[in-house]
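These are the structures in question, set out in turn.
First chain A sits with chain B, and in the next complex the same chain sits with chain C.
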Partner chain A sequence: MAEEDPSLVSRHSFLESTLRGFTRAVSKALLSEHAATQSGLLQQLDPRVRVIGILALVISVIVCRRLEAIAALLLIAIAIAVASRVSLSSLAKRVWLVILGFSGMIALPALFLTPGEPLFTAPILHLSASVQGMRTAVLLVLRVETAATLTTVLVLSTAWTHILKALRSLHLPAEVVTMLAMTHRYVFLLIETANQMFESRQSRTVGILSGSEQRKMTARTAGVLLSKSIELSHEVYLAMLSRGFRGEVRLLTDFHLRSRDYVGLTAFIFTSFLAVWIGR
Partner chain B sequence: MASTFEVQNISFSYEAIPALCGLTLHIGEGERVALLGANGSGKSTLLRILDALYFPSAGSVTFKGDTLTEKRLQEEEFSLKFRRRVALVFQNPDVQLFNPTVFDEVAYGPLQMQWSKQDVMRRVEETLQFMSLAHLRDRPPYRLSGGEKKRVALASVLVLDPEVLLLDEPTATLDPKSQSQVVDLMQQWKGTAKSVITATHQLEIVEDIADRVYVLEAGTVIAEGTPSEVLSNTELLLRANLIHAHRHSHDGVVHSHPHLHGHARHEHEH
Partner chain C sequence: MHIPDGYLSPSTCATLYLFAASGWYAALKRIKQLLATRAIPLISVFAAFSFVVMMFNVPLPGGTTGHALGVGVAVIVLGPWGSMLAISIALAIQALFFGDGGITTLGANCFNMAIVGSFTAYAVYRMIAANSQLNSRRRVLAGAVAGYVSINAAAFVTAIEFGIQPTLFHDASGTPLYAPYPLHVAIPAMMIGHLTFAGLAEAAISAGMVSYLQQADLGLLRGVGGLAQTAGPTIADPHAERSQRRLWWAVALLMLCTPLGILAAGTAWGEWSSADLMNPHTQEQIGAASGNHAPPSSVPAGIQKLSTLWTAPFPGYAPRFIKSPVFGYLLSAMFGVGFFVLASLVGGVIARKWPRRTLRS
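== the complex of A and B ==
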């Protein structure tokens, strides 16, 4: 056991609090159906229209090559979020900042490796960034941000069971829908189990662990957590089978297409085509 | 008595670890049977086999004359009919509650049975009232207390009005009040056509919930009898690890005697 050192204390609490914060955030994100019950733009459309419409916009984001077109699609995604009463601060915390960190790291090399007109030279490393490199990096980050924003808005504004039923009614194979349903429940169980394991570990830990001890402990915990979760998800599947589940998603809610759904679908498809045409 | 389940010489293993070894038993129509055994004796595995979630590697299980095989359960008509008639309440209610609200949870089974929407709504409302869960209908199941979760898990299978109820440790981890509520409910089924098979190691509830008892040890039946016959056989209970020798002293005299957990007090002579 390491001696008590303020730096170790902060490292210990940082690791614990990061993991706890992550599990809290994912749990909240997965289980929050608050926005789905609000009366917003997406909520007024048939779930099948929402799924097709958002999918069309995501495809157009992937196909677009012009920065301006993708930026316009991001603005449209934000407008849909606001009109669907999805909190922008929640989007910023859950999507924008996280994506910026991850895709930013992936995009960084492009800034220096793409040949072209010099933009600036990085101090110490003496690597020069190009205008074309900057454009490539921004394009990548913006593309990921926009696609993630669109899918998050869909998930937050639609009950998970409705998304599954919509996917099934769009002829996605029953096996794939079952896998998605199980994944949703599996992740929830994983989070629950992780929280219980952290609490249990904390109650049995005396003093402060050193960095290497913490890493070993975290690796062991991750392994045990995985085995436990696989077992639990198997149990959930058995419980579903026991009550008659045969791969079909059956709900009390029936989906009906109304005139506003046709208007919505047309708007989604038109916007997607327009974006692809402008951004080609 | 007409047969509900005929279990003939079944064996089952989890990879290389045997769980059931040549187990044979019979459950009659409308019978209330307790499967008594310590942890790891094979009770939960047997319930899963009776619910056709697992299939034995050897031996056979028949339900009302139909042999339960994996192939048979793949037939939609047979599978729906069987799932409608036989229901299992899992030991851990968390694995059984996977819907967004209590109402959706209770409606899940009837929807899988492809009942009409009106019938589903009516039956769910009736079941929620019967189980005193109506006030929780819009609550997410994962936010309920342990006792409430257990009641929702029970409601989610009772809504189908099954002929056979398989209960895996129904009172384990419950507080005394919730435990007595579950036992009271199980007592209501006495004399009805419902067969109730309960796996438990809580000896104190056996006389209330069963008319016949099978004692399991290491994946096989080691005894069968009425609750009073089984509970009065100390040697059998010790062998099945359902009671243990309790060592203590009175006025400096150390002695030991069989000890049954679950009773608040016990008396014995010296």
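== the complex of A and C ==
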């Protein structure tokens, strides 16, 4: 097989990276749908309890000021993930490594830029790191990792429709919940449409495109997608009217709390308060 | 620019949720008034479109790529309120379903990108596009600048939110508890990336889409369902005429009041001439007005040198041949106002001529 010309690779890289982004989004959604059907700890609880409980834990992560308390919450988040049959390898790939790379890069200069007691001096660069700098960097990364682990575990263990129903039962306006549900539905349709447009364009691209041609192509694709979206919204509106939509939104909330839900809710709230008290 | 959980303190998150919630409430009310039952599907599908556009890799000069927010186009098509809602919904889906941006920071992200971004884009687009034709090049420029300025305004607000964290939230040892960088680090760190790559990506996608819509779907530049007021007035507005008449009356009244300046005693502080600095009587006044600091005994060399550089046509607000100071003040006011009116008219003629060069289809 002939080796690929590097210039050919680079000229299509923006198309390929956009297509990769679409694929990632769809695979994430599929993984979430799959995990939500497993029978685990979170899956057995009422979606409202899951949403309130995880939200309480995320808030306690933000409120805690001590590293030890946040580290304990991270361990609790991992335990919940394992009990809810969320794959740790997918958590590591989707959350831990990504955050370590992103927030770690952001936090690293804080080691040297934060004034305080000297900790060590970096060789070659002769930059002095401070104890306070180390502490703030670890605090930031740990906090982001813990909060993101908790939210990912919630999303992976709960069907999107259940999250929306739970939000509605928490008195989020019905219009907002409906818009979130519809947007989520049409995101995948529009991703599919954009994917097809990019693929068909990629298959027809033979010569080398200049930078300005590439930008025009991207803008035109976005423009066509916009026109299609507006047309789609008209069609959706007509379909809603044909089904008797008169502007009022009614959602079915058929959740019933059982004794284990009360136990779960108490455990979540107790853990959150305990973490805040220890980490104050 | 999507702030994850953990970068902002609980009180910052709560405050920004409050700001964002006020914006959402006002936007929802306004959109429902204008669109009634059509609002829900339109905003939902547009939010889905915004979500997908945010995933596009926009090629930039130098071989790199960047992601755009698409707030410029959202404002042009939906107006600021519709854009605010659509971008907020897209950000909420990103945070709740795809883990892009935090849950506790969702209010902050919506405030920065959906509210600040939308209103900045709207103001810039209205200011530059003015009443130009929908298919003019000026609209393309307006779209590009609106996109560029709005993303940078959102980034600037984000940088301020980051930058105030170490000052307001640190422990007893001085360890910052949330975002660790102060304003003088956070602002340049955020702005360098946005003034270059992200800003360019936003400008490119906004300008490119406006240009595309001019050729393929001009109707969308007028806005959807009367939501956007970015297309400019198409019929004469009686209210605008009335307010313009009021403005002229106010200008005339202010001109008549200009002789009141004669009543003021002494010289305005800091506006001394070489002659004032040489005059012993004026020197006393300068000293008294400057906290009893004695002025220099001779005219400083710089003032002496520059004072001969330019001689005003009406020195002391009155031409030399006018003896009455009251009449001199009135004449100066009329001349000044007349000069600015003339400059505005010339500017208006140039601006009207510019958009006539339309795109070749």
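Just a few scattered comments:
One rule holds for everything that comes next: the second predicted complex is superposed on the first by the 185 of 280 C-alpha atoms of A that agree within 3 Å, B and C clash if a C-alpha of one lies under 4 Å from a C-alpha of the other, contacts with A are read in each partner's own complex, and residues count from 1 in each chain.
Criterion: a residue touches a chain if its C-beta (ideal position, glycine included) is under 8 Å from a C-beta of that chain, and two chains touch if they have at least 3 such contacts.
These figures come from a predicted structure and were not determined experimentally.
By the touch criterion defined above, A:160 reaches both chain B and chain C. Once chain A of one complex is fitted onto chain A of the other, the partner contacts of A:244 are limited to chain B, with no touch recorded for chain C. Of the two partner chains placed by superposition, only chain C is touched by A:219; chain B is not. Legend: residue contacts after superposition of the two complexes on their common chain; A:103 is shown touching chain C, with no touch to chain B.
In the superposition on chain A, A:236 makes contact with both chain B and chain C. In the superposed model, A:147 makes contact with chain C only, not with chain B. In the superposition on chain A, A:208 makes contact with neither chain B nor chain C.
In the superposed model, A:173 lies in contact with chain C only, and not with chain B. In the superposed model, more residues of chain A are touched by C than by the other of chain B and chain C. In the superposition on chain A, A:77 makes contact with neither chain B nor chain C.
Note: residues 160, 185, 189, 232, 236, 240-241, 245-246 of chain A belong to the chain B contact set and to the chain C contact set alike, using the contact criterion stated above. On the chain A side of its complex with chain C, the touching residues are 10, 13-15, 17-18, 21-22, 25, 28-29, 32, 55, 58-59, 61-63, 65, 94-95, 99, 103, 107, 109-110, 113-116, 131-133, 135-137, 139-140, 143-144, 146-148, 151-152, 155, 160, 163, 173, 175-176, 178-180, 182-187, 189-191, 194, 211, 214-216, 218-227, 229-230, 232-233, 236-237, 240-241, 245-247, 249.
Interface residues of chain A, counted against chain B in their complex, comprise 31, 33, 159-161, 185, 188-189, 192, 232, 235-236, 238-246, 248, 250-252, 254.
Residue ranges on chain B touching chain A, taken from their complex, read 48, 51, 53, 76, 79-80, 83-84, 87-88, 90, 92, 94-96, 98-100, 104, 107-109, 111-114, 117, 120-121, 140, 142, 156-157, 160. Against chain A, the residues of chain C that register as touching in their complex are 4-7, 9-10, 13, 24, 28, 32, 36-49, 51-53, 55-61, 63, 65, 70, 73, 77, 85, 89-90, 92-93, 96-99, 102-104, 166, 171, 173-181, 185, 204-205, 207-209, 211-213, 216-217, 220, 224.
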